[in-house]
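Read from first to last, the chains carry the letters A, B, C and D; within each, the first residue is number 1.
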Amino acid sequence: MLPTANPTPPFVITRASHVVLAVTDLARSRDFYRDVVGLVVTEETGDTVYLRGLEESAHHSLVLERADAAAALRIGLRVRTDADIAAAERWCADRGLVHERVHRAHQGPTLRFRDAVGTHLELTSSMDLVPRKMQCFDEFTSGAPQRLDHFQVVSHDVQTATGFWSELGMRLAEFTAKDGTDELWGSWMEVKGNTHDLVFTNGRGPRLHHFAYTVPDASSLLHAADVAGALGFGEEIDRGPGRHGISNALFLYLRDPDQHRVELFTTHYQFIDLEDEPIRWDLSNARRAQLWGMPASRRWFFEASEFPGEPVREPLLQASPQTLEDYLGVH
Amino acid sequence: MLPTANPTPPFVITRASHVVLAVTDLARSRDFYRDVVGLVVTEETGDTVYLRGLEESAHHSLVLERADAAAALRIGLRVRTDADIAAAERWCADRGLVHERVHRAHQGPTLRFRDAVGTHLELTSSMDLVPRKMQCFDEFTSGAPQRLDHFQVVSHDVQTATGFWSELGMRLAEFTAKDGTDELWGSWMEVKGNTHDLVFTNGRGPRLHHFAYTVPDASSLLHAADVAGALGFGEEIDRGPGRHGISNALFLYLRDPDQHRVELFTTHYQFIDLEDEPIRWDLSNARRAQLWGMPASRRWFFEASEFPGEPVREPLLQASPQTLEDYLGVH
Amino acid sequence: MLPTANPTPPFVITRASHVVLAVTDLARSRDFYRDVVGLVVTEETGDTVYLRGLEESAHHSLVLERADAAAALRIGLRVRTDADIAAAERWCADRGLVHERVHRAHQGPTLRFRDAVGTHLELTSSMDLVPRKMQCFDEFTSGAPQRLDHFQVVSHDVQTATGFWSELGMRLAEFTAKDGTDELWGSWMEVKGNTHDLVFTNGRGPRLHHFAYTVPDASSLLHAADVAGALGFGEEIDRGPGRHGISNALFLYLRDPDQHRVELFTTHYQFIDLEDEPIRWDLSNARRAQLWGMPASRRWFFEASEFPGEPVREPLLQASPQTLEDYLGVH
Amino acid sequence: MLPTANPTPPFVITRASHVVLAVTDLARSRDFYRDVVGLVVTEETGDTVYLRGLEESAHHSLVLERADAAAALRIGLRVRTDADIAAAERWCADRGLVHERVHRAHQGPTLRFRDAVGTHLELTSSMDLVPRKMQCFDEFTSGAPQRLDHFQVVSHDVQTATGFWSELGMRLAEFTAKDGTDELWGSWMEVKGNTHDLVFTNGRGPRLHHFAYTVPDASSLLHAADVAGALGFGEEIDRGPGRHGISNALFLYLRDPDQHRVELFTTHYQFIDLEDEPIRWDLSNARRAQLWGMPASRRWFFEASEFPGEPVREPLLQASPQTLEDYLGVH
């Protein structure tokens, strides 16, 4: 059965906030996100680079940390107020979830925790303000990404993940299920009034599949591809440009120097009214993955970033290799 | 002093829902909104045409009603649930506001009322669902408007209007004030997490200045202008294409056959975090109206649609004709 | 050695004019080119449909003829005047080329002939004029193709083809050659002042690989892909959207119901000055095929339309299967 | 009567080549053309800056020369070969036109001359080659102008100018004439196969109204406007974005720090076939100036750059001030 969003969640999540990546060559990764993707560098310290989209007034939406091995350190969500952090802390304790108050530079009260399927997260209620750059058009480069929008996580148990986040108020906008069954293979959940803030798809997990920034329009998306090509990252596009059936996003996926994946996409449709039902896509419907064009690369389907120390589990829902390829539309 | 959004409003408004216009030639107005603007006709009856944007699943966001005289009949807002309609009804009664439960075809419980500055409105909690057309790309025409986004109302008393709607939970994202004073000349208020859902600007009011639909990108905006030109409505563009300083919208304004005004614009920036402060624009700052380009036409500034039977009052805040022209940037 | 353009050719070719295709389901092919590609139908007779791009004043640039079997019947080039047709006829006779004066509806004097590598062509000096539709923006659909631009032919002997057309005044703008050698694997030749009007690439030939129409911009290209998807032709995109290194074209390739291939692309760079040298691309340089993104499909590389009755020959230049795949960048 | 293009001109002009401007603040003008317009700086010397469009392989298409007073020094056209320069020299001598062989850095043989209506020009047959930057997408800024395309000159005698250039092989693509008469008020003449390379319009002249660069698409045009706004040149847009009826160009006009005017526009339609007739626009037809939108500013109509030492004459064709305003569509 499909989980439904808790109308009175224990604390109020408002949006995707930031992602923290361990990278093995800090300068190279910074250059990639600044020059190839087009993000703004807010601040650099010896071991850390903070970046943001052009319209963002929050200090950072992407944090790069120098490390010996690449990893997805954590994804961050915003809650409305400091009181929500306190409420979240109590709720984690009640549930027996691994959690901890942490201090993060430029962030307000922050709570680190691990969700029911092993995703590493943190919640924060505020950040230092910095100027929005959305009218500094002369500083727009490449895709001119405007803001962090959502995360996609590969999970061994999409059903459990979806139930967990539904209880926290996230609402299913679209989902993938095995034909004729209730088996959830993918769930697109939202909290900010459009298609998704957090996505879980079936596979070996938990692993961060990608984080996504919005771009102003289709031209920006193609310009990002052109700039990627010009700067030697043309082969690091592992999917797109294309149009997903699910969510209707016009997308481009890029791999960074450590093979973390970032998506650029144009905006969502609005999803606010309670009478709207989530859209179901059968696994056998290839239009779910893309309305047109060439299939994604194999590495888009099977590669993702692990969370440090978190064991990766085989998916509960399995399919034969052939069926899986058919589902994925990869050949 | 700036009003602040009530964190616990008496009922929950979620978004701009629809606008109802009295038009003197129903077929001609339908053709305009379908062919020149690009909206989808959901349904036609003898005296009424219902239209919507391409991504909308709600039955209508624009209603045209045949009438002897053109007028803005009312603007509609969505509330979250039926219980919010009941709460709104009690609140209107407590405040002594003119209000009435009404039946509207294809809408759930609906409450008609008049706000503190005379704007004619209605609230509804649901609508009949119809298919989203966002992936029927072969049906996209002209600007391919995706969804109704916001309303702008000219008011004789922006301060009172802003206070009224702040109490109902609307939050100021940007505002215009006379240099060195707190005099509110314009307020951009939001409830759905981006720049504005309801705007009030100083002038003879109440009158509906425009309602606005989002378009996919800048190319769509220019294509709408080209189509307007091809279909003989080229002179009915009374502003744009241009870029507002306020809200950063890339805009195009069109007048319909009764001179009601519709805006097409690309999307907003996100405005969710509570630590964000509203952006102040001094009246003397011409970049507030547009970051570049030619001034708006005089009729853009001074013409708007009246609400039937509602007296139009002179603005409380006045300026000399010369100063006013300077403020407006019209010459 | 690279052929150079004859500065005083025997007759003056001015541009790519039209292509004539045999199709097995006339109505279905017409619908494809009108609705999925966006061409204008100029005229329909019982067995023939004439189409053109939106800016074209010539009666047709694409002719579909009902047939039992699909084929590329011929490609058409324009010459400047009727006198050029007469000169071409003499030249064909002198060379012993198969040729014939033919009558074609809506065309001026027309000469059918076969080039040195077996390509079926015709030359004409004028066409009936019809209104340009470039300002009928309300009639733009899908990619809004503006004009026929060029042809690409697969040939068993690119060197001979290039020499033949150079003598007729065509000038090499770019070419592909095997690393460290003069072996011509592909030649992009132009006569109208930008990158190419006629292209030959190495392979089993002669076969028509594609004909290409210009589109106004990148947005149109993506809209064509979206419309193709919406109308059930999403899997008939066999390459793109992408950016060729050669010629810098932003491209999309579509297969019609008979698997003829049409390219939509944004415009060329200008190539007029005599001091400009042709750009050489080594076969081993993958950026030649695309500056970024996913490789083309296998069918893009190996499928093309045969000319009726014309034997298809194996290419003179051969490579091992592995090397060939490396050259093509297909996997 | 309309002049017709000489099919065997005394020498072969191929395209608009370059423009040379006297500017009063060399660094400021360079910054404008590089940062606000987006041109590439090829070379700087103490008193001169050479710039070009991103796709251009010729050393310069815009030359800025430090001077005490702003002026349009000359416009440059390309001829095919050195022999054409020699032929042009003889022709000027035969006609008794002011002319002179000059040495210009980075140019081949160059002939300075003055046309029949006082326009200052030079012809050259070649330039030093530099790398095309069209695939250096990471260096694209603002409008990403690709190449110089055409010039517009205000002339006191459009009829004479048109006759002069027709004799040199230029062909009328579109023209403006007073209703019901043959009075030529504007002529759009081409030599490179699309709408225009050289335009003359009626008014006080000779003065250079503008020179124009192509941009990749509508998005680039709007981005240039945004960048102009961001860099403080928002009020230096004196027309557009808009769509001309004549030539169908989507345009934006900017004034540089000395008030020289540069146009950015998307590409032309093709104009090659001899059976195409020039398009006539009646002066009373406002769609000729723009298919939609707001009228141009007064300064767009009446301001232009003088050639040094060249007397400016009143136009032979006059209209009453009211009629003139009606013609121009300026109010």
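Methods note: contacts are C-beta pairs under 8 Å (C-beta built on N, C-alpha and C of every residue); 3 or more make two chains touch, one makes a residue touch a chain.
Small disclaimer: the values here were computed from a predicted structure and weren't measured.
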item	value
Joint neighbours of subunit B and subunit A, given as chain labels	C, D
Pair in B-D, C-D or A-C that repeats A-B, with over half of contact pairs matching by residue number	C-D
Chain whose Cα centroid lies at the greatest distance from that of subunit C	B
Angle of rotation relating subunit A to subunit C [CA atoms, steps of 5 degrees]	180
Between subunit D and subunit B, distance of the C-alpha-averaged centres to the nearest whole Å	42
Centre-to-centre distance between subunit D and subunit A (centres being mean Cα positions), rounded to whole Å	49
Overlap residues in subunit C, where contacts from two or more other chains coincide	135, 217-219, 226, 229-230, 291
Pairwise touch network: line, ring, star, complete, or other	complete
Subunit C residues within the subunit B interface of the complex	35, 135-142, 217, 219-220, 223, 226-227, 229-231
In the complex, subunit B residues that touch subunit D	217-219, 222, 225-226, 228-230, 233-235, 237-241, 243, 250, 287, 290-294, 297
For the subunit B and subunit A complex, residues of the former touching the latter	14-15, 55, 57-58, 78, 80-81, 126-127, 129, 132, 134-135, 146-147, 192-193, 216-219, 245, 248, 266-267, 269-270, 272-277, 291
